[in-house]
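Two complexes follow with subunit A in common, the first pairing it with subunit B and the second with subunit C.
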Partner chain A sequence: MRDKILFTLATVCAVILTWNIHTIFAEVPDELNQGAIFRIIYFHVPANILALSGFGIGMICSIIYLFTKNMRYDSIAEGVTEVSLVFATIGLITGSIWGRIIWGVWWAWDVRLTSFLVCWLIFAGYLMLRRAIEEPIQRARLSAVVSVFGTVDAYIVWKSIEWYRNQHPGPVLSIRNGGGMAPGMEAPLYWNLLALFLLSVILVMVRMRQESFAREIDSLRREAHSF
Partner chain B sequence: MGFFHHVWTITHKDLRSELRTKEALNASLAFSMVILVLFSFAFDPSAEQIKEFSGGLLWMVYSFAGALALNRSFAREVHNDCLDALIASPIPPAALFLRKMFANFALLFAVELVSLPVFGLFYGVPWTGQIGWLLVVLVLGTWALSVIGTLFSALTINLRLRELMLPTLVYPMMIPALMACMTLTSDLLQGIPVTGENYTWIRLLVIFDVIFTALSIVFIDTVLIG
Partner chain C sequence: MIYGLVAAWLVVLGYVVLLALRERKLRKELDRVRHMVETTKRS
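== the complex of A and B ==
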């Protein structure tokens, strides 16, 4: 049953993504000031939205784990954080490429870039911590604490760097009162957000399946050793 | 009353055992001196430049030296199963955390109080101009470092890569507090009074301290006992 859901989602995602890529590269015209490079926004913005919301969801699952001690929530937290870190990396790389073309530099110590990098470092630390602990229950417990601390800290980082220099473009989406994009250009962005969201759900599901197999193998191994 | 009595008893025990061996204290002090000296070779700064760098340099020294001391904080309890005995004793885990935190705070603060005049001496920076505010920043920043450091020291105690994991987790978490401390210290050493934007940094430090002290006290049970 779960496999069927996974394959259906993957098919839907592939169709939307292919259609999006066609729209983005063949139908949407070049932007007036930025030229062709502006198309990076269709991947940059959705990847970053998914990364940030993923870290938040990871924290919620971690808190639920601490209350219920149900290992399922721990593996959701891990899967979501891993996938979010991948999206955060995509966000950083696409942003860097865009910055090289528009600002002339690969990196600027700007509010959003810096806070995002700090987020990345915090959650990379979270995943490293998970690798360093072998005992599953201890791992779940300690990494849940780090996830809560990390998310709270990420929020403080976000607020604190706001007083610093700001070079990053302001919000352009109409839902954030940006209103900086033509409707024809804005729609593909939401479609791509949907496609990447489906992709992240699929990745988290695959990751959780791996995790449950790993746990099963681990318990079988322990059982075998106990004889 | 009992809670604070527990906190004081074990803070006292920790400080006394540290003052007898001076392991962490000497290592952190020696380390901070080395960084201060290395910095002058690395950049050869002019008198004006050094005032601008001062906050950054001092807090890098404090946080690196801090990691050395914090690594030892819970690790010293592992031998002879002292940590298990402490956890089994009728002391609430929050008191256990606070006393470790106070001991680390005292240790780091001592290192800072020694290395600040040495820094002033080496680089010719007058540091006594706004000593009141400077002490406030030192106290708030050290509090942040001790809270985060002590919690993560407890968290990484049983890990294989303990020495590696602690700084990897602590430094990114410390970034907002360190940023505030560095900006404020640089401004204070340049003689800029604390007004307007700098108040916001002080507020940030206070908020950071309050939030993470509260979170640590809530989560220390989970970290130590589960």
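== the complex of A and C ==
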């Protein structure tokens, strides 16, 4: 059943992505000031939205774990956080490429970029912490606390373009009262967000399956040691 | 622009490869442990 769901999601995701890449490259015109490079926004913004919201979901699962001690929430938190870190990496790299062409530098130490880098480092540390601790309950408890701290920074990243003057552009999407994109240019971004969301669901489901394998291995080992 | 697109998909591809390798390792380990448990039960 799970394989069928994965296959269906992957097919829908591939169809939307193919159609959308065609739209972005063949139908959307170049932006007046930035030229062709503005199209990077169609991957940069959805990747960052998914990364930051994924860190938030991870935090919610971590808090539920802390209250219920149900290991299932811990494994959801790990899966979602790992996939979100992949999208955060995409956000950092695509943003850096855009900055090199528009600003002339790969990196600027403004609040948005610096807080995002700190966020990336916190969640990379979260995954390293999980690898370092063998005992499952201690691992789940400590990583839940790191997830809560990391998500506070993720919220600062989200709001930083409203709170501070940045070299990074301010909000552009109309759903965030930005209004900086023409309607024909904005719609493909939401389609890409949907496609990347489906991709992230697929990756989290695969990650969860691996977690269930790991749990089965652990229980079989315990069974073997009890003989 | 194309560099951005390639970079984004390279990151995803790298992660998918990592997941596939991890899954293969876990399946092998699961088979090995299952076999070990069955052998121990029989003996």
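Observations, loosely collected:
Throughout what follows, the second predicted complex is superposed on the first by the 214 of 227 C-alpha atoms of A that agree within 3 Å, B and C clash if a C-alpha of one lies under 4 Å from a C-alpha of the other, contacts with A are read in each partner's own complex, and residues count from 1 in each chain.
Methods note: contacts are C-beta pairs under 8 Å (C-beta built on N, C-alpha and C of every residue); 3 or more make two chains touch, one makes a residue touch a chain.
Because the structure is a prediction, the values reported are computed rather than measured.
After overlaying the two complexes on the shared chain, residue contacts for A:105 are found with neither subunit B nor subunit C. Judged by the touch definition given at the top, the superposed model places A:132 against subunit B, while subunit C stays out of reach. By the touch criterion stated above, A:157 is placed in contact with subunit B alone, subunit C being left untouched. Using the contact criterion defined above for the overlaid structures, shared-chain residue A:187 touches neither subunit B nor subunit C, since it reaches no partner.
Contacts of A:214 after superposition on the shared chain: subunit C is touched, whereas subunit B is not. In the overlay built on the shared chain, the residue A:148 is in contact with subunit B alone; subunit C does not reach it.
Contacts of A:5 after superposition: neither subunit B nor subunit C is touched.
Partner subunit B is touched in their complex by these residues of subunit A: 66, 118, 121-122, 125, 128-129, 132-133, 137-138, 141-142, 144-146, 148-150, 152-153, 156-157, 159-161, 163.
Within the complex formed with subunit C, the residues of subunit A that make contact are 36-37, 39-40, 43-44, 47, 83, 86, 89-90, 93-94, 97-98, 199, 203, 206-207, 209-210, 213-214, 216-217, 220-221, 223-224, 227.
Residues of subunit B that touch subunit A in their complex: 148, 151, 155-156, 158-161, 165, 168-169, 171-173, 175-176, 179-180, 197, 200, 204, 207-208, 211-212, 215, 219, 222-223, 226.
Interface residues of subunit C, counted against subunit A in their complex, comprise 1, 3-5, 7-8, 11-12, 15-16, 19, 22-23, 26-27, 29-30, 33-34, 36-37, 40-41.
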